[in-house]
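This is the structure, below, for whatever I ask next.
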Amino acid sequence: MGVVHGEEMVLNIGPQHPATHGVLRLQVRTDGEVVSKITPYMGYLHRCFEKHCENVTYEQVIPFTDRCDYLASMSMNFGYVVAMERLMDIKVNERVEYIRIIMAELQRIASHLLCTGVFGLDLGAFTPFLWALRDRERILDLFELTCGARLLYNYMWVGGLSHDLPVGFVESTFKFLDYFEPKIDELENILAHNKILVERSADIGVMPKDIAISYGVTGPNLRASGVKWDLRKDDPYSIYDRFEFDVPIGQGLKGTVGDCWDRFYVRILEIRESVKIVRQALASIPKDGDVHQSLPKKIRPPKGSVYARTETPRGDLGYYIESDGSPIPYRLKMRSPAFTALSVLDEIGGGWLLSDVLAILGSLDIVLGEIDR
Amino acid sequence: MYRDFGTILFATVLAIILVAVPLFISWLVAPSNKTREKLQTYECGEVVDGSAWLQFNIRFYVIALIFLIFDVEVVFLFPWAVVFKELGLLALIEMGIFLLILVVGLAYVWVKADLDWVKRRVKYATGRYEKIAIKQEQ
Amino acid sequence: MTENQQKLIDELVNKGLDGDMDAVNAHQDRMVRAKAKSMIMKIQKGILKRPPLKKISPEEVPNGDIVQNQEKKENKQESTSAKVVRKLLEKFPNEIENEEFDSHIQLKPDKWFEIATWLKSEPELFFDSLQCQMGIDVQDDILESRYNLHSMKHNHYVELRIAVSRSNAKIPSVEKIWRVADWFERETYDMLGIEYIGHSDLRRILLPDDWEGWPLRKDYQEQETYHGIIVPKMKEGWE
Amino acid sequence: MGLFTNKFQDNIIVEKLDKLLSWGRSTSPWFFQFGTACCAIEMMAAAASRHDLKRIGMIPRSSPRQADVMIVAGTVTMKMAIRVKKLYEQMADPKYVVAMGSCATSGGPYWQHGYHVLKGVDLVIPVDVYVPGCPPRPESLIEGLLKLQEQILEERPLTRKMA
């Protein structure tokens, strides 16, 4: 029986939709079930971040970077701070570097937890979402212990930190890690090897290696396609080269390399790597060293520009800062990893069923605050 | 024998009442202002462009037909199953023949590949979706 | 410290400041090496003046002392842009506008598409991923589009800049070469109004289609209302 | 009090239909998942296992047709404002709005230079309860929702309808 096409209708998986993780509108051409073309419309959360960066001083930009990727605000601060310290040639002491690594890796665990939970939610599994958020709450308690905020921290300043670690932080983090280790296996057993989830995500939304590179996809999505590219190893910033951890890439255990299941499973493996890093960092954190030591009184970077990249849970985040010597940045461009991850959706999403498209979107793990800036 | 039908009548009347009274109360009490925007179709907050009344693919009709056949078959099975004990061996053989004919129909539909539901072409398909991958030119 | 050792240190310091630190590290005398390095660090911090260059050639002496913003990555990348410039000069002679290539290469817009294809296809450079493309409003009449290219294979990285005037801001689009440029260029068009010739569907990506003005230009005025909603912060008593 | 109060045994309650109606509406207002930005994550955390919103009878619904309360969680931009207005119109009638977070209340940290940010969602739709905070903690969101339930309890829908 030849391929008989019916007419195609335009369906808006619109700005308000539980599966779009925020305000993203997918205009989908479908004949009722099979999706032939997806055009994402963004900008529903364009909060003029770059215009703000041209009107506020360098210290005041940090809370705005928090709000760009509100699921991984520590990593956003970290990216901005690394770029500024490279621009102003500031060297922070050892203790600050260690605390930053611990916070960034804890934030990676929290962000990946929420992403895997919501991916299960997209495919209809509600309980793992509650488990993931229950464990994530414990990490938010640790953040609240140090800097008082649950979600948006303004914790890493240019040249130091806002607060030092509270008394008992190291012990409570160790306690959390011991509690958390079996929980990852539990989450993996209920979700990763679940027949329904495997059926709905293996072999679906395959992203080949060259498509991923040409679309500029980075982070877990790129690693799931088999490219071993992790900024913490390939372009090491801060003191990541002191810790030994490996970079998990997609092997196509349940289907082919680079399908939805791989992107999902790579994140669970990365949670384990981050736990390893946090353990090593906590073990060898220097006791002395003031976190406010190299905070500059007045941030006036020299005239010039810098482009620095760091590894956030969604990919490599680049800050291009152009300064003209005044305390207010002349231009700040944030290269957002989720922005490029979304641009590949039409390429790998065409031709699948409507429900598969939502599984592909969930596996790409996009955050709209960072896409629209 | 007639008493049985009495209970059925009572059950249907009770059902009707239990549905009608809440509906009436809600019509009486609930606020209702049918504005123009409210009555528009909800599409995630977007203005609806194009309509869903379009010519669907023929495969939906074929599958509906196949479903109808086997549904009617089940309808015949129910009364037979209720009085199955009294009828003895003869009914069993008749129903066996009836089911056999339908199984032959099912086999025919299966072989004609009307059951693999979706005809689609995917750009990067490997593994079990290999057969529906668009053959790359290079 | 003997006279020639001092001269040797000055010479090493000059070389170090010009970017090839390995000459300083290769020097076998430990004390001279240490002295040269400490002088370089002091000069970089701006405490010490740069020692006078031995062979003073007119155009090489820059105006005033150079406080080079040197750091580890810049050295590695500098050799890349120097390499790219050397190869560029052979292929496209009159395309480069700026002289000192420490951080970026300035290009003219008209031949940019061929340069871009060549940058990607050249096996020796092989820039296969466009890391970040941004637009910036430099002076009152110049808009600049900056490209940060990176090569996965050689792991080196270069920054190219193309300046156009504000009136006819037209740059050839590189969407066909790096697929990621499709959305980056749409965003730069949306924010700054730089037109990319040859782009498949150049329209606003973040702002609604009927938004007036280019927000990231320095002389941007907010529009009064949008669909009847007051845009600027009009609530009284807020200031 | 009414003619028939405490005439019967103690576990029979006689009350006006009005109060019964508003009591019914106040105990289980289903909220409409309208999360745009960071506050949406705090709303999710409020609805998840530790601070459970189902304890106070609030079930997340994703379509305006089945929801009573619209929690505007996060920044509303100009492009989104038109959609917010349309979604509010499409909600079934006893509907309430909770503006969660300082972005929905007044544009939040983006009010000064945010040309594309709506300076407060009450420019577009009527708001019943404002929950301050950026993002507000789940406890303060639940406190705001309890305030809303008290407000619904005070309503007298029938007398208003008769008048």
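Going by the order they are written in, the chains are A, B, C and D; count residues from 1 in each one.
Just so it is clear, a contact is a pair of C-beta atoms (placed from the backbone, for glycine too) under 8 Å apart; a residue touches a chain by one contact, two chains touch by 3 or more.
Since this is a predicted model, take the numbers as computed values, not measurements.
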{"item": "Of B-D and A-B, whichever chain pair has more C-beta contact pairs", "value": "A-B"}
{"item": "Averaged-CA centre spacing for the pair subunit C and subunit B, given as whole angstrom", "value": "63"}
{"item": "Cα-centroid distance, subunit B relative to subunit D, in whole angstrom", "value": "38"}
{"item": "Subunit A and subunit B, separation of their C-alpha mean positions in angstrom", "value": "43"}
{"item": "Separation of mean Cα positions, subunit D and subunit A [Å, integer]", "value": "31"}
{"item": "For subunit D, residues that touch 2 or more chains besides their own", "value": "79, 83, 87, 112, 115-116"}
{"item": "Per-residue overlap in subunit B, given as positions that touch at least 2 other chains", "value": "45-46"}
{"item": "Sites on subunit C at which at least two other chains make contact", "value": "207-208, 215"}
{"item": "Chains touching one another, given as label pairs in label order", "value": "A-B, A-C, A-D, B-D, C-D"}
{"item": "Residues on subunit D engaged by subunit A in the complex (per definition of touch)", "value": "33-38, 40-42, 44-45, 48-50, 62, 74-75, 77, 79-80, 83, 87, 109-110, 112-117, 134-135, 137"}
{"item": "Subunit C-facing residues of subunit A, complex", "value": "42-43, 46, 48, 50-51, 54, 86-87, 89, 211, 213-216, 227, 229, 234-235, 302, 304-305, 307, 309, 318, 320, 322, 330-331, 333, 335, 339-340, 343, 347, 372-373"}
{"item": "Subunit B residues within the subunit A interface of the complex", "value": "43-46, 48-52, 54-60, 112-114, 118-129, 134"}
{"item": "Touching residues (chain side subunit C, partner subunit A) in the complex", "value": "44, 67, 69, 71, 73, 103-104, 128-132, 134, 136-137, 146, 148, 152, 155, 159, 178-180, 182-183, 191, 204-208, 215-216"}
{"item": "Subunit A - residues contacting subunit B, complex", "value": "1, 3-17, 25, 31-34, 202-204, 206-208, 211, 255-256, 259, 347-348, 350-353"}
